[in-house]
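Next come two complexes built around chain A: one with chain B, the other with chain C.
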Partner chain A sequence: MAVPAGLDWVLVIIGEIMIAVGVISDLIAAIGLLRFPNFYVRLHAATIGTIWGAFVPLIGAALVAAGADFLGRYRWFMAGGAVITAVLILILGPAGSHALARAAHRSKAAVVQPKVVDHLEEDSRAPSPKEEGGEESEAEVKEGGEP
Partner chain B sequence: MTVSESEVITFIIITLPIYMAAFTLYAVRALKGPTIPDTVLAIDAMTYDLAAFLVVLAIFFRSPILIPTAIVLALWVYALDIYVAKYLESKEMGE
Partner chain C sequence: MRRAYKYAVLVAMIVSTLALALAVSAGGLGYALPFPAVRNLAYWYLRTTYNPFMPKFTASAPEAVTAIVWDYRGLDTLFETSVFFLAIIASMALMRGIEVKAPKSINLSKYGMSAIVKTVTKITVAIILAASASIALHGQLTPGGGFQGGATAAVAPLVIIVIFSLYFAVSSGIKKKSMLTLRTLGLLGIGVTSFAVIVAGLILGKAAYVFQNQPKEAAPIGFPSHILGVPMGGTLLFFNIFEFLAVAAGFTIVFLLLSVPEESVRKVLEGGEGHD
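Let's look at the complex of A and B:
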């Protein structure tokens, strides 16, 4: 039931450090999301806010809840729920960001304004048969052109 | 020696203004975002952080009932991501 004496302080201090790291990177991610020039650069800041700003403080909150005696009997429920939320965010956050980025690029909803190079757009616009490994694409073109 | 309650509560009180500043900046981007993906991305990041904030608040208020709300919030914002991505890609909501 109870954590061994002395170990509860270790849990609480480590958890508070993780919550502090999470809060700081949360603020950094918010500033980055506000200041970055276009959608694809803002994705970088948003995923920092997802993993470092949500996953890490959730694990820290679980450690704090496991070590804090004053929460009573339900602190193990709080610790377990925090760990489950953290694992869900670890799996779902990158998946959602990838789906959103792919949809934004395919539908051209987000304009790439300060752009250096966009190979994905060139590939999707003109599939040229003269490139390396062109046998498959040539065969596809021939098949498509037959009827 | 048991963990002092006032130490944990003081730490959480210190973190609250930083959370509020971060949420304000996220909300500015969500309201201002020039395109739909920008708005959805800002709401996405803000809601994941809100789930973490709810767990911290559950420790602060000593109320375990706030934990399931955090799980539900994380799952719904993932559903928002997938629905918006599907709508942007094929201009329909699916089944």
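Let's look at the complex of A and C:
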């Protein structure tokens, strides 16, 4: 499983570039989280922090570990761990931000400010005959959303 | 005023962090090394934990922490597990009469979060269970063990309760009674493992101790140290598996009891058995 000598450096340099991209994205995400005006736009900044600021540098760390010759065969353990963590973040980050945005929208805790179109609001305003069991959980969300 | 308070807190945090870093780097937490007598003890543990050349002293597990927890001070860990079990039993006694059950004929898909979150949760629950099993089963080889694995596994039912609803969890088999059975099974296994060698010694007519792992000088029988050529630490593997079951099931019972909605059990909570 030995990587050819020249390829080591290619992996390390690509990995370090990805980590640098992650650092810059985390900085941008932090600034955005502080400076953006309302919940949904701030959520956008936060998701930049999870994908560009966590997923990308973890893949970069996996590449650096794969190119680190001195680690011997342990580099594949480190690279594998980094890739698994990255994939977990890749599927969990969007699901978490989706759940946050959905809860905020349903509880009307945040105003949808730069709004072009809001189909979800139109759907919830229209009377739907199917709503039976979900009312209890909706009420709980409303209680939790109040400041 | 509020702004000044904010900045004061920020400055205080920075100053205390810097002061702590300075104090630690200047040796403020004491000497870098403990006393020589304590160092000898640590040296002894590290030397005997996995040492095939000293078969009368070794615990035959490369992971020293697990060897100390379940072999060198195994009785202490047994009492820790008993304390945890008593705490779970006490919480169940406090909430006795509360039945965690789903109402009949409900549409489970109406409850819980959206389909996206549910799909992601299905994937992650499988990963959580696999990771927790590996933490527990590799406890004698790598950092980890039964308690850590069990606590990790208990995240899976918690996530299911939050994202799929309590009713889904109960109707898919995460019930108070079945979890109590699993927990009792785990504790029974810990008891059987700790008495296995002495019972075998009584049958074979040889001397043995309670909580014995490897053969000792005057007690020549013990658990197998290797299975298929992999060091298994004798009793440590079994203790880890049973502790894993006991801890995961115990935490799940508490999560189930705490997530019962108060309205549905108000009668039980107010003690209205005789007068209404």
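Here, the second predicted complex is superposed on the first by the 108 of 147 C-alpha atoms of A that agree within 3 Å, B and C clash if a C-alpha of one lies under 4 Å from a C-alpha of the other, contacts with A are read in each partner's own complex, and residues count from 1 in each chain.
In this section, a residue touches a chain if its C-beta (ideal position, glycine included) is under 8 Å from a C-beta of that chain, and two chains touch if they have at least 3 such contacts.
Just so you know, these numbers come straight off a predicted model, no measurement behind them.
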Would you check which partner chain A:Leu88 touches, where first means chain B only, second means chain C only, and both and neither mean what they say? both
So in the superposed three-chain picture, is A:Pro114 touching just chain B, just chain C, both, or none of them (first/second/both/neither)? neither
With both complexes superposed on chain A, which partner does A:Ala99 reach: first (chain B), second (chain C), both or neither? both
In the superposed arrangement, does A:Asp8 touch chain B (first), chain C (second), both or neither? first
Mind telling me which of the two, chain B or chain C, contacts the most residues of chain A? B
Show me the chain A residues, by the header's touch rule, that chain B contacts in one structure and chain C contacts in the other. 88, 92, 95, 99, 102
Where on chain C is chain A touching in the complex? 106-107, 110-114, 116-117, 120-121, 123-124, 127, 165
In their shared complex, at which residues does chain A touch chain B? 5-6, 8-9, 12, 16, 19-20, 22-24, 26-27, 29-31, 33-34, 39, 42-43, 45-46, 49-50, 53-54, 57-58, 61-62, 64-65, 67-72, 74, 77-78, 81-82, 84-85, 88-89, 92-93, 95-97, 99-104, 106-107, 109-111
Within their complex, chain A touches chain C through residues 88, 91-92, 95, 98-99, 102, 132-134, 137
Residue ranges of chain B touching chain A (in the complex, touch as defined): 1-3, 5, 7-8, 11, 15, 18-19, 21-26, 28-29, 35-38, 40-42, 44-45, 48-49, 51-52, 55-56, 58-59, 62, 64, 67-68, 70-71, 74-75, 77-78, 81-82, 84-86, 88-89
